[in-house]
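Got a structure for you, written out below as structure tokens; questions coming shortly.
Chains: A, B and C, in written order; residue numbering restarts at 1 for each.
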């Protein structure tokens, strides 16, 4: 892999324009914890395919706008150069930019909304990292979640953003208990792939394969853990009696996929004990996804990747403890 | 007391099986901050009586399963030996195990749910303690509250756990304002005892007496503060015009009882100033119990001991400050 | 200014009664971050005018009771003498005392409720400051917000406090999306002034002018930033399509006014970069005000100054980072 990237890195060192492109590609790759521009290219292809094939070009445009705005904001705030170069200030921005056009109706103001959200996500990243570093824990996608939740809630208060949209109008409805509804075996593979592509808010099998390819060129362990996490999430959701439609659309699986990669390969060194610990975290993320779906139902907004953030923080906070155990 | 326990402690030192029993008994006693196996025996008798006399054997079984699962998880995670021996990894597990069968319909999956919840409560305990120790504050029952809230919320999302249960079906209803409804004097003693037994989610006078006995063998101050806290909570709730039914069932008193013991005898050294401070905290816990009952009403779940955790953290965080004052 | 205050400071040094008055005046001024007894006098006049002219004398009385109770509680808790003298333990108490009679029906118990809330606000101040000082961030009005939210929520649970009040009875209603409703130019100045007076929960132009005068005698920069913050908030709210009625009543502007003063003059040294940063924070506070209005709608309570606290914490946490940049 190194050999493929070397000419690119040399070219970036010589050109500030290419360097800017590199930062944005790494920012895209960091959504799944990878610091690799080739991963970023494959991830962007996955997003583009998922957006255009679904007739939602504005989602891809929103993602690009969010990504570039976040990177420019980080430069303006003169953040740490190493962290900027690793793409750590872009991943929340691209997610804000993908999420807003997914959940809000298109309008001219929406683009200003995306730009403000992406800029604030950088401030939130700096602030969150400043707090969590006291416990050697990463900010994860918390800046994306908190910024996007606020922007989605506010949409119901502002007519220019979507205040009269159907989404808000029927907010606060009784919780509809899940029906016992067994998953068809044929839907299992579908759900497996959708769980991976839903990390980028897309339900598309080809996008999922591009994302897996992007993970694999950077870290084979991450690609395998994504698949294993999706598999375990589907089995758990099915066993607990979740609605088939949610399961096969990947909507109970994208947070567990992120938890599996984070706990299994990014923040802990893999071992049998760590994998068992990551498996417990992955199973619990499915339950928390169900819980937060119910919790945010009154406001008609999405839980986003909050289940991943909450469970990963919970399972990373005893870190030094588990780290010590793992090294024995 | 020492003399009674000495043969037991010697026996535990010689047998790892007895040692395991000792850890679980101390874990039970730690629900009310006591590190004493005899207290654990009396507490388990109180739970058993409350469960079997109420025809809810599954609650007692759930408590035992939660307790043992939590202790085994803590051992697997190789937690600090001293903290493990003091029972600090069992009290959240037994509460998870008591709460789930109390609020969810019995089913085979419920036992898996209890085991997952108890295991996660240990992870949550390690993570919470890691955060709160920066301010010399204890984790209290926060791991129990956060784990159980997530599991109860998720129940509405999973048909196998209780998704079609009545409890979830009528969630999100308008808040029903309390009616002015004076407490009958005869109900006062009843409410006093129920406030103590509801710490273990039981409404039973004999259970309350067993719990008081368990406290007294370990700390007479704790037993007196439990009674004084319950008395103050009942007077406060009555004065504010709470519904008699809630008051006499002890449902506005169990969190204040825990606050009174924690602030008055566990974390501060008793003095007139500390008792006045603990009294303010106890009165405010009644108000927070009312507030959180209203806050969680849309989801049809219980506030659990969250009022105790919130108020005790609030009143313990200025600790060094108050400690200094108290030593003057 | 110094020369005007010198005789007063000398008199305070000689009389503990005057000293007590001085502490309470500074506590009033600290609501807008000023440590100046003359500012406190002008702020109290603004509150008195706003209360009596609106026929709500109990709001002024509540504010005084909250202020004095908080100061006495802080003395009893033997807080740091310097912080006490600067009024840092009074500003949350006066806000609790103004808010409760604004949102709850008058009753004898209401005064006990105000006194308990003001006393708890001091404990919350000590606890919050103890936590946030780890990141060199101030407690802001978080103690006021958390205490008052709990007291307002609890009102629906207690008949003696307002359990049967209309406010609670129609809680949990569907969110009503904002209608597109253009602001009349004539209403702009009105909204500008109300945004300032609503910091003290008053909608009154003369009160706003008194508050501006109070700011100006202590810090001209603060007075200008209050005006600029209100102006920017109105433009933002209008551009996003907020309801005219909310905008012109200042209900989307008081939190942004506080954010503008805090970020622009109190916690950062003014510069072009800091002003641009403060402007982004002020714009985002308008969005967060919209978001939290929607978020708390199910419980029929007010968002209070939570949008200011949330955004200011977010924008102050990367502090050392931005501070370094500003010094370049």
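Some notes on this structure:
Operating definition for what follows: a contact is a pair of C-beta atoms (placed from the backbone, for glycine too) under 8 Å apart; a residue touches a chain by one contact, two chains touch by 3 or more.
What you see is a predicted model, and the numbers here were worked out from it, not measured in a lab.
Taking the definition of touch as given, a chain qualifies here only if it contacts chain B and chain C alike; those chains are A.
Taken over every residue number at the interface, the positions common to chain A and chain B amount to under half, indicating a different-residue contact.
Mean C-alpha position of chain A lies 36 Å from that of chain B.
Counting partners per residue, chain C has 134, 172-173, 298 as the residues that reach two or more other chains.
Those residues of chain C whose C-beta lies close enough to touch chain B in the complex are 77-79, 109, 116, 119-120, 123-124, 126-128, 130-131, 134, 149-154, 156-161, 163-165, 168-173, 298-300. In the complex of the two chains, the chain A residues touching chain B come out as 134-135, 172-175, 177-181, 237, 239-243, 280-281, 283-284, 287-288, 290-295, 297-298, 313-319, 321-322, 324-325, 328.
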